Structure formats: C-alpha cells, structure tokens
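Lettered A, B, C and D in written order, each chain numbered from 1.
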Amino acid sequence: MKRTAILLIDCPDQKGIVAGVADFLSRHNANILHADQHQDAERDLFLMRVEWDLDGFDITLEDFPRRFAPVADRFSMRWRLERSDRPLRVGLFVSKSVHCLVDLLYRHQSGELACEIPLVISNHEEGRRWCDFYGIPFFHVPVEPGSKKEAEVRQLALLEAHKVDLVVLARYMQVITPDFVARFPRRIINVHHSFLPAFVGAKPYHRAFERGVKLIGATSHYVTDELDEGPIIEQDVMRISHRDSLDDLLEKGRDLEKIVLSRGLRWHLNHRILVYDHKTVVFD
Amino acid sequence: MKRTAILLIDCPDQKGIVAGVADFLSRHNANILHADQHQDAERDLFLMRVEWDLDGFDITLEDFPRRFAPVADRFSMRWRLERSDRPLRVGLFVSKSVHCLVDLLYRHQSGELACEIPLVISNHEEGRRWCDFYGIPFFHVPVEPGSKKEAEVRQLALLEAHKVDLVVLARYMQVITPDFVARFPRRIINVHHSFLPAFVGAKPYHRAFERGVKLIGATSHYVTDELDEGPIIEQDVMRISHRDSLDDLLEKGRDLEKIVLSRGLRWHLNHRILVYDHKTVVFD
Amino acid sequence: MKRTAILLIDCPDQKGIVAGVADFLSRHNANILHADQHQDAERDLFLMRVEWDLDGFDITLEDFPRRFAPVADRFSMRWRLERSDRPLRVGLFVSKSVHCLVDLLYRHQSGELACEIPLVISNHEEGRRWCDFYGIPFFHVPVEPGSKKEAEVRQLALLEAHKVDLVVLARYMQVITPDFVARFPRRIINVHHSFLPAFVGAKPYHRAFERGVKLIGATSHYVTDELDEGPIIEQDVMRISHRDSLDDLLEKGRDLEKIVLSRGLRWHLNHRILVYDHKTVVFD
Amino acid sequence: MKRTAILLIDCPDQKGIVAGVADFLSRHNANILHADQHQDAERDLFLMRVEWDLDGFDITLEDFPRRFAPVADRFSMRWRLERSDRPLRVGLFVSKSVHCLVDLLYRHQSGELACEIPLVISNHEEGRRWCDFYGIPFFHVPVEPGSKKEAEVRQLALLEAHKVDLVVLARYMQVITPDFVARFPRRIINVHHSFLPAFVGAKPYHRAFERGVKLIGATSHYVTDELDEGPIIEQDVMRISHRDSLDDLLEKGRDLEKIVLSRGLRWHLNHRILVYDHKTVVFD
C-alpha cells in the first residue's frame, strides 16, 4: 500500500488553478496518482481532488500548510489535506435493526473499509454480540423520552474519549439534535430507507407500499439540522411488484441500505467527497 | 395472431374462485393461454386476469355476460371482458416536447403497440410534421389562460368524434380538469418526469438538480383529480453524477420518459393492468 | 405463519388443466393463496405452482398422492408436493472467500431464509469462526490434488448423516464430479462470479477487466455435469468504469454474488423454481 | 455555445505530465473547462483529456502543433486536438431493422447529437422514408453474395465523397472486411445486440432465450478485424423472465440498442473516448 496525500480544494473558478496546483506539486517532486476536478458553472465554483504518492515528495506534511499557502491565497482556496496512512476513526450508531452494523463490521474485518472502528453506540442491546465477536467495544446508551439530552451528552463524551472523526448512523432510529450535529459538521453519515426526497421521515417502506411505487430505494447522506435534507452521497433502487408484501419490501430494502451506506462510507474514508451547498461531488 | 378474450376480475377473497372461473371456461371449451391472480391480504381482495383462445370457445362474446353471470354473482365479482381483435383507440396529447410522441408514433407504425391512433391533439404546432409523416390526423387546440374550459370542450368533442377509448398525455403540459378526468376514469395515462412521489408538480428535473440526487426517474401513471397522485403503472431510473448538467438530466430523462410511457401504454393495451384504490396490479 | 402446501406441476399443455387442479383443490376445501402458471409454447409444455392454506384442507398430505392420482394421470403430470412446515435442510460449501457464507449465515439467523443449516463443509479453515459464532457445525474436508474422490466420499457421507436436502456452493472453488452431482440432481446451487454465459470458467473478473466490459455480473444456477452450463436462477450486474481496478471489480462483485446467491436460495426454499431443459421458471 | 478545444493525450506515466500540460495552457491564457486523467498502473500508461475555452486562448489552432511540440516531446506523448466548432461528419449504415436509424435521426434533428449526417447507406430500402423525412441523402447499396467487395468499393467512395469522419453501423447486418476497417481505424462504431462477450456472432437474442438468461443486454463498440471483439464503449441490460417470449426479448432489446448506440456515439462526438489496447476510457 502506497502512502499518499489527498488534497481537496474549492474556490471561485478562474484561470490557472490546475496549473498552479500541478506546478506546485511538480516542483516538489510529487507523483500524482489521481487528479480530478469539477466546475459548477452556475455557482462559478471550482472543486478539485488530487492524490499523490508521498514517496519522494520533498515537503513534510507538517510543513505543507506554510508552503502551500501562496498558492491557496492566490486563488482564495478553502482546502484540506488528508493522508492515507491515517485511517479515520469511525463511531457506529445502531438501534434494533442490525443488518447494516453486521455488514459494516464484516467489511471492516475483511479489509474493505480503510478505517478504525473504536466503538459502537446503541440505544438497544441487539448489536452487542456481533461487536463482541469482532472485538469492537459496544456501549449501550439508552434513550428514553425526555432523556435524549443526557444520552447525547454521554454519547459525545464517548466519541471524544475514543477520538472519533466520523459518525455513521447505521439504522439508528433516533433523531439527532442540532447541538450534536454541530459537533460533527459534515461528519455524520446516515442511511435513510427511501429514495430521497420521496418519503422523508418515518416508515418510508410502509408509505412506499401504500403509494404503490414500482421501485424502492435507499439513500446515504450527511446529516444536517433538517431531517433527511442533508447532502446526498449515494442512492440505489430495486424493482418491486404487486407480488411483494410489505415484508418483502423491508427485506429488499435491507440489501439496498447495506449497499448505499457502505459505498458512501467507503467514499468518505477515501476522501472522495466534497460537499458544497447541500450537494456532494463524489470524485470516483 | 390468435383471437383471444381477456377476463379481468376483482372481488372479495374467498375459497373456490379460481376453480369457479376455470371450471366455467373449461366447460365451454376454452384453451387458457395465461392465467394470473393476486390476493391483497390486507384488503381481503382477489384479482384475476385470464386470457384464452377464442378458437373453439363455445359461447359468443355477446352472450358471455349472461352466461358468466351466475359465476360472477356467486363471488360478487366486478369484471370486464376485453378482446384482442378489438384494438383500443388511443388519443395522444402533446405540447412542445415531442420526444414521447415521436417515439410512440414509431412504435405504433412498427407494430409494437396493438392500438389505433385516430388523432393527436396539441396546444402547440411542434408535433404536426411527425403526425403528417405517419398519417395521423393532428388537431391544434390552443389553450390560453382563461380559455381552458373551452379548449377541453373542444378536445372532448374531438375524442368523442374519433371514438377514443384511452387518452395518453405524452408530455402534455396542461393540468386536466376534474370534469375531463371524469369522462375518462382510469383511461388517461400520463408520464411524469420524476420518480414519484419525489418532485410532484412543475420542473422536477430542476428540483432534482438542485437537491443533488444521484438517480433521476420517470413515472407513468393514471390521471386522477389529484396532481401526480394517480395509480403508478411503471417507473424507472438512471444514474447521474455531479458531472451532469441540468441539460444532461433533461436529455437522460427523455430516454426514461419514452420507456416508462411506452411500457405503461403497452400493458394497458394488452389489458394487463388492474387498478384498485390508488395502486395497480400489472399482470406480466 | 400459515401452514401451507405447494404443488408443482409440469405436463404437456392441453385444455382443462387449471380447471382440473382448481376443482380438485376446491372440492377438498383448499384456500388457494397463490396460483401461477406458465406455458412454453415452443415445447408445448404447461407448468404450474399452486400454494394453499392447509387449515381446513380435508386430505392429509400422506393421503394426497393417492387422492390426486386421477387428476395427475388424466393430464400425464409430473408433480411434487412441498410443505412450508418442513423447512429444507441446506448444506453449505465454501472455500477461502467467506463473504457469501457470512452473508447467508446472517440472513439465516435473522429469519430471512426459511431453512435449517445442519452443517458447513469447507476445504479450508477460514469459515470456521463464523460457523462457531452462529452455532453451525463446521467440517474441514481438505481436497488435495489426487484426493478429490476420497474428499467427495467424505462430503457425501456428511451430507447423508445430516439429512441434507440441498447443497449450496457459496464460493466453493472445487469442481464437483458428475458422481456427486448425480446424488443431488437439481439440488445443488452455485454462484458464478460472472454474467453467464460470459466468462465461463476460472478468473472471470480478471477476464472481464482485460476485456474492458462496462458492467460486471454474477449468476446463481443449478449445477449440472457441464461447467457453468446449468439452469440459471438469477443474475444481476453492476456498472464499472475505467477507474475501477481489478480489486474494485472483485469488491463490487462480492456484493453481486451475495445478492444473486441469497435470492436464488430463497426462491428454491420457497419452492418457487421449476426447472425444465436447462432453463428455470421462477414463480414470483 | 462556447468554442472549445479538446486535447487527448496518452503517454508513458511519469511525474510532471499534468503540470506540464496545465502550465502550457495557463501560459497561453486557456480557461480550462474540464480536465480528466487516468493512469493504467499495469501498463504504466497515462491518459488525459483536457478541454478549454478558445475565447482568449492566444495560440491559433493551426499553430498549436508547433507550439505544443516541446511538451509532447518531453513526455513522448501521442496526442490529438479536436474542436467543438468542427462537428464530425457521420455516415450511418443500416439494414432492415431501422429502429436505431430512426432514433439517431430524431436525436440529431432535436440537437442531441453534435454532428453532421451527410448520408445514410443501406443494403435495403426500409430506411429511405425516414431519411427523406429528415432530409438526409440515402444511398441504396445492395450487397449480394459474392458482390461484397464491389459494394464496399462503392460504400467507401460514397464516404469519401461526403467527407465522412466516423461510420456508425446502426444495425447493419453485414460483416465489414478488414480492408474497410483499415480505412476507418477506431472510427467505426457498431451496436451488437447482446451483452458482450456473451453471445458473440449471429442471433444473440435467440441464443439468450435458449440459454435462459435472466437479463439481456446490448453493447456499442469500435469495430476491429475480429468479429465483436473491438473495444467496448457502452453496455446496458434489462431484466427478463420466463414470461418473456423471444419476441419480447427482441422488443426490449431494441430499446437497449438505441440507448447504448446513441450514448456511445454522443461520447465519441464529444471526444470523450480514448482507446488503448482493446479497451476504452470514457471521460465523463
């Protein structure tokens, strides 16, 4: 596995940005492995992701901000630097339906997900045995009506103690408060069990069944203060027919949820996602 | 091509319905080609479609109602009989975007759609040249603000004069009034350019673009009094990415619209669709 | 959960079959829950699946063959009767790649698969820990060059001792001999990691990568004596691009394999599949 | 519509290529609209597509080769320059099945395809009336057993006389000879009515039907000397079931063929495709 650095940039669109960045990297002997960019013509916005091999690169990552500053200033860039040898620390939240949790734990164990999972937090006990099996600490934080605030305080303390970078709501059936969201801006990924923006809110499969749709879907997205309104990362659908009962929808849906959540998480871990406004760019 | 009859039934679910129908047909020497049924357990409803070869069947279709009445009465059936040698007469409505019109006219000419198209009605002139080419009478009925009522009167007169059984709104951009709908209950098919119930109403692609969805869709459905709320016949989706401009969405969407509308129309023409409540059963 | 019986029939197509079966069931007070049929016009073949509630049915299943014989004889039927309260006993085979095994064990534990899994057989040790976790007996039967015959003797003894009805090759990387296949005719399901008939045989993802296809696929099928030529049960595909490395293909492929194998298995367990020639009818 | 230039490059992978190109363009005041690159790690190959606005660019396109030569030489590049204001001239070939022809002519007329279509060549007369309708010259060049050579001589003369850049075989049912292919290297696009490499050669739908596959597909690809072995541009599939007759497969297949051929053609027209070995990179 190569040690790589990933630079993510957004700035007002103008001439010379690619040349500016590529020239900077070239002068410091970077071997670019991937470079991708996107212009949003409506917003006059330029977004870029560039990944290079750190082998031979002649600037230390500690020194990078100072050295890159002239380029960044010239183009009024917002930027961040990520590195492949510092895997993100992911905290998983789950309630009673554990299919996404079980799926993510297996993918993690088999090497599909380049992250550490220091803990799982749940308001129920169902997920504990899989966490025990995979050796992941499991914390039961009950959430009762009226005690959500206290629960979140405890959750946040656990996340902080375990140095969590990213929160993944793997079918966690409690609404997160704005205070919690503010602590992990664009760093909470949720899976919603519908093709958003159809069926925002509770019981989407029931409503899909009632409405008589011919495809059901699932969506992974970043969590913002507005329910199910955050930037969409990935969506997928599956065909259904009148022969499918509500239970069939739930069952097919579980496969969709596992796929869109694990894909979305993988892209985040590989630093492929740039968020602007309430949309995402996924550099593939 | 075989001459066939198609019997469509719905009734309260109970024992013996299949036996009752099959026995009746068997006694009259019917060669059943397709039989399909569906139970809606929640609503305690039984739905059935059975198609048989008329060759050898010893009841005339004129006499069928009287002869079938005892079976129908015994199970409190609503039923209708269709026949493959009486193709439906379809009236197409279109506005300025003619891709669905052009697609349907070609499919009709090539034999994919078992129907007659006695006329096309449009509030614009764009579609006329294709109608001329395919030899389909084209009627321009302008719809101005304040003149919708008069326009509908004229449209309905045209449909009646041409003995139209089914109306297809092939990207017709005017809302139909309840009075019009009442004249063609469950006999108006519309294509909506989104994955319903997402993006009900105007400019769905613009809103899909703004929302940053990762798939766009299209839906064919029967028209009811509530906008975009009628029973869904068919839906399909296509993957998009941040690289797709709004124009790309419109372009990809056109392919989806052609497919879901032509499929939905074909199923209706083959008498494969049963509607109940606001859902469809499509016997495939 | 209702106790149901499922009758699966194939016979030469002729008039009166549906009536004959439905009348027989009706006279014995069966409440039909699903009935589906298919005619293969080319082969003049009639296939039927009918499922009814055993509650109130006035024939014991032991007595069924004798009572149904006149109907079966009249139409020269091949038939079999299955019952929902006798879940099949499934033996899983796996090699080093355990993703399908882990997926099936979880689905089984969560109630998605209506079967018993009395044992797992593997030529490697990788799968043992998941079997231990889920409480499924695991048998390591090494297969060395030259010892396949002995290995199969041992495998067959294990399957017999555990009264296995159905064998599922969940990424079992050894070719099964005709003798083994003959012991489980149409009762061995395999997952092949390509969209058959493309890339029959070894290393399909490598060959897909080399060929530059734009979609990869997976296939579940019954095993026959000819490699990858058995009746196809289910297939699915996923889009890839030049950006996907061979490892990406393998990873995406694993999701496909899990889905087509679990779907195919579920349909078999629900007695939805009829095989004729080298094709399947899946009554959904 | 902006006037743009598109530079397509492939060369051995090494450091500094992106910087070299971006710096060259930047120094000449190019406003880069899209830049995309790909490394094939196995082959140690670097591929790039960069598109810029010609407005303000201070080199004439006539002078470009001389000015760009130092960069190209430094990295041993193969490159070509395309321009959006010089639409390609496309010659369409068709036989009796005209659905792809009709589809492409409509898309062209409606502005979806940025090309000129100076002529259509066919070994049958079926397509003539649509060509007449859309005002495209139609040439009937019969191909009899034994006369293929003469036919190709006439076809090539027509293509030359009409200054054709790209040949599209829109369901043209004659095999093209190597001599013909050599005249349009990587500039002949064919649509094959299967999911290649499954069902290479004749009657793929018949063979798909016989094999009992659960999805059918279509493929657009560049034509090489080996039948159906050329670099794949685009593929898509559609679900089928035992209920689909061979005619249903043909009908569903036509929709697939229209989509994969028109997409592939559009990408070629937008200079998005780079071919290497027998694979394509499609910069989207």
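Criterion: a contact is a pair of C-beta atoms (placed from the backbone, for glycine too) under 8 Å apart; a residue touches a chain by one contact, two chains touch by 3 or more.
Values in this document were obtained by computation on a predicted structure and should not be read as measured data.
Undergrad: Using each chain's Cα centroid, which is most distant from the centroid of subunit C?
TA: In terms of C-alpha centroids, the chain at the greatest distance from subunit C is D.
Undergrad: Select, from A-C and A-D, the pair of chains that is joined by more C-beta pairs in contact.
TA: A-D
Undergrad: If you average the Cα atoms of subunit A and of subunit D to get two centres, how far apart are those centres in Å?
TA: From the centre of subunit A to the centre of subunit D is 37 Å.
Undergrad: Could you list the positions in subunit A whose residues touch two or more of the other chains?
TA: 241, 243, 284
Undergrad: What residues of subunit A sit close enough to touch subunit B in their complex?
TA: Interface residues on the subunit A side: 38, 40-41, 195-199, 211-215, 217, 231-237, 241-243, 245, 277-282, 284.
Undergrad: If we count contacts the way the header does, which residues on subunit B are in touch with subunit C in the complex?
TA: So the residues of subunit B in touch with subunit C come to 15-16, 18-20, 22-23, 25-27, 29-37, 39, 239.
Undergrad: For subunit C, which residues count as touching subunit A in their complex?
TA: My answer: residues 99, 102, 106, 110, 112, 133, 241, 243, 251, 255, 259, 284.
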